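In the two complexes that follow, subunit A is the common piece, with subunit B as its partner first and subunit C second.
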Partner chain A sequence: MSYHKPEKDFTLYGETFSSRFLLGTALYASPQLMRDSIIQSRCEIVTLGLRRQNPANRDGDAIWQYIQESGCRLLPNTAGCKSVKEAVTLAEMSREIFNTDWIKLEVVGDDYNLQPDPFGLVEASEMLIKKGFKVLPYCTDDLILCKRLLDVGCEVLMPWGAPIGTGQGLLNRYSLRTLRERIKDVPMIIDAGLGAPSQAAEAMEMGFDGILLNTAVAKAHNPPMMAEAFGDAIDAGRKAYKAGLMQKRQTASPSTPTIGQPFWHQQ
Partner chain B sequence: MINQHPQTIAIAGAGLLGRLLAWQLQKAGIQVTLFEAGSFTPDTPQSNRAAAFTAAGMVAPLSEAVVSDADVYRMGIYALQQWPAWLAQLPATDTPLFFNNGSLVVAHQQDTSELDQFARELGFVLPNCTGYQQLNQQEIHQLEPDLHSHFHRGLFLADEGHVNNREFLRLLGDEIIATGMNVRAHTPVDVFPGKILTESGAEHFDLVIDCRGLGAKKQLRNLRGVRGETLHVETKEIQLQRPVRLMHPRYQLYVVPKPNHRFIIGATQIESEDRSPVTIQSSLELSSALYTLSPAFAEARIIEMDTNLRPAFMDNLPKVAVQDGLITVNGLFRHGYLLAPAVVENVLAHILNKPEPIFSAQLNSH
Partner chain C sequence: MTIELSVNNEKKSLAANTLLSDALQQWDYGDSKIAVAINGEFVPRSTYNERALCNGDQIDIVKPVGGG
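Showing the complex of A and B:
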């Protein structure tokens, strides 16, 4: 049997993907670098924001088309929306422009760290799901918030590792572990806050289903190379999770006499 | 590729590149016709004028190397020498046209990691660069006494300057008219090798140079516009000796001091071809950045808000494509004044059959 069989079990809203890496398209020094990074990441889903691009007039067409040419599934987001109404309106506009009912839902609660507004998020999710959207909510690691999002019909959760763009990694491992243990059968993607591939690998080892990030790649000196590094780390973390990590052991004090040393000398 | 020394040249587009090339080629004894779709002297925003009128005129090789690459830096260093040389060829004027006082990069206390990221990136792009210096609170105060005292850390970039760009464009326009050049304003054109097509028909030239910026979008695949918004304010309460760049996690804004107590704050960078007026979101970002640099800006008067589109290729780098009868120059992105000297001298070398056009590897190979 092959030990390295490529998985095909990452399913979001009925669609199956072989890459568990979702990449953002903002902040790159040029669109060319963005696209090279997408290619090197081997990702199959890219997110894009359109809040500031005058979408009603389709003024962002040039760049949207360029992103579309990557062949990835587009996951439009509502980055920059601070109210339920703004987010819902933008989601509807992006459904029309990109011909997709997938939406990465962001409702910004704090202007400086872009922390999600959990109350607005639940409300907007419910409205959008009723309108036929497939909502992928960017949320915090709060268990009750995640349950509420599932209650209103979300089939994917995207809890943060840390606030957007901070590169802090998994700030609250306890919460994230609780989430994974309590919500076992819903795909959960760690979205935002990761700065290093090792952090992505750790999240995957914990059993999270995928990773979404942007800044850590876009702000690297060599974004395509960093995209590849994250892709590798996500693969490694997933394999490690599937392979079953050993339990950590306490080896500071030996449990049995060390060979060649009389046991009465060992204290 | 340019076979013989051309006698007649048509230039399409009277933005920064079009004007500079027309001026230099006329001086070289070539008969130049300059076509411009809009006005030759556009005074108001929203008049579809070239990006060069909206720009702050920065020549900032180090700051821009951080967001592009070492080639942009090298072409920018060349610009710092070339601008004074060009400006010396214009008739004398009382208004200073070029400032070479370095620039200052600062960040608020909670955003100082942005300064570290900036310095780290400089180290990557230019490993042996000595052109910048870390500053403490006191050193910042010595350089710019009017800046808010709460900036504890900053960077001083010595090799940076800026062009007094609107005054320069006006003077260059006057100079072009004074040479008796055939300037055809309000004349949109299509360009072909050796041929210009206007509404009234075809005109033939030995060589055509396409400098239309976004006006060439139909012909140039992957050329796009990138929206930028600026704020112009006036106040006598504060003086800055040099451009100041404020680093923030989500935007980088600069304030460029201009003569007559004016300041340009710019510029947003939005992946959109929307030329409509400045948004509230952007005006808040621009004006709050300005206000946090010094509260004295609170009583400055807003005299203009401007929007324009930067013509850019997908790698955000300029290109000079040379074929028989047609040279296409485009994609200077946010680097008009930074890269125009390298680009213009490269084009001139092709036309005047100089042996090795400068920056050929950067501009001509694609």
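Showing the complex of A and C:
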């Protein structure tokens, strides 16, 4: 018998998903590897972007075709936007082209670590929500920023684990734990910076609701296999969180019973 | 009379008063899945055949790509 009941309680803006894994569609060596990674990950939401392209350039067509065939929910991003105006305009272009009001909002504040601009993020979120968007902000792990994003109407938060593409894992566990402790009832997805499935499992064990990543899968030697590994780790981490982790202890405590220990004699 | 404008940061010339819908056909974007902004402002598809292009317009035309 299984003690684990299949969950269907991952709900974002009123839509419910079985998988807590959101996968990016960039950086794969081929469109086929992207397609196979999506399949193996078992994800139900994929991120994608918009870029200037020459009309003769059809490179993106295969990617777009495979994404459509995957049946995944689309989560377009505003990657690379450095101002509120750029992000809002690109979100509007995304809404039209992808026919969705969901937007992964990115406002880049620094070129070196691609750190989100907290002030621009709040301002852009407020503007987009007034225009009817469902905003999923890529943010830092700053508690006050996250509260401000909720104040302006975001219903999902996506704090970073580490800067995009670094594979560093959960750099600031204190901030992330505090965030989870202080904001209990809002879905929070760790977005970016993860490099290994164990890091994703740890985030899920901490009580985060989902994981969004791209580079760690796309740049693996075998992306579809890595996608499956992340999917397994996310499931395992979630299951562990639901099961309830034991409390850490400072001192050792034997797990095998001490009563009836052989070779022991009263001194 | 012709006008000069920028399309995805590339200089282009057009006849004055050309509509955006006609310009997109000329530039071979006819049947593509695209979205357009002019001078940083989103231009809804429903207005392509009303929007006359002006000298100096900066046009961004984007298509879907993989993204993270």
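The rule is short, and it goes like this: the second predicted complex is superposed on the first by the 237 of 267 C-alpha atoms of A that agree within 3 Å, B and C clash if a C-alpha of one lies under 4 Å from a C-alpha of the other, contacts with A are read in each partner's own complex, and residues count from 1 in each chain.
Throughout what follows, a residue touches a chain if its C-beta (ideal position, glycine included) is under 8 Å from a C-beta of that chain, and two chains touch if they have at least 3 such contacts.
Remember, predicted model here, so these are calculated numbers, not experimental data.
J.: Report for A:30: first if it touches subunit B alone, second if subunit C alone, otherwise both or neither.
T.: Only subunit B; A:30 stays clear of subunit C.
J.: Touching A:52 in the superposition: subunit B (first), subunit C (second), both, neither?
T.: both
J.: Return first, second, both or neither, reflecting whether A:221 touches subunit B, subunit C, both chains, or no partner chain.
T.: Touch partner of A:221: subunit B, not subunit C.
J.: Tell me the contact category for A:60 with respect to subunit B and subunit C: first, second, both or neither.
T.: both
J.: For A:77 in the superposed arrangement: first (subunit B), second (subunit C), both or neither?
T.: second
J.: Look at A:150 in the shared chain and tell me whether it touches subunit B only, subunit C only, both, or neither; answer first, second, both or neither.
T.: neither
J.: Have a look at where A:39 lands relative to subunit B and subunit C in the superposition and call it first, second, both or neither.
T.: A:39 sits against neither subunit B nor subunit C.
J.: Touching A:183 in the superposition: subunit B (first), subunit C (second), both, neither?
T.: Neither partner.
J.: So which one touches more of the residues on subunit A, subunit B or subunit C?
T.: C
J.: Across the two complexes, what residues of subunit A are contacted by subunit B and by subunit C?
T.: After superposing on chain A, subunit A residues 52-54, 60, 63 contact both subunit B and subunit C.
J.: Would you tell me which residues of subunit B are touching subunit A in their complex?
T.: 67-68, 117, 120-121, 124-125, 222, 224-225, 227, 249-250, 270-274, 276, 279, 281, 312, 314-317
J.: Quick one: which bits of subunit C touch subunit A in the complex? Just the residue numbers, please.
T.: So the residues of subunit C touching subunit A come out as 8-9, 27-29, 32-37, 40-42, 44-45, 60-68.
J.: Could you please specify the touching residues of subunit A with respect to subunit B in the complex?
T.: Within the complex, subunit A touches subunit B at residues 29-33, 35, 52-54, 57, 59-63, 66, 165, 219, 221.
J.: Could you pull out which subunit A residues touch subunit C in their complex?
T.: Residue list for subunit A touching subunit C: 24-28, 34, 47-56, 60, 63-64, 67, 76-77, 79, 85-86, 89-90, 92-94, 96-98, 164, 192, 213-215.
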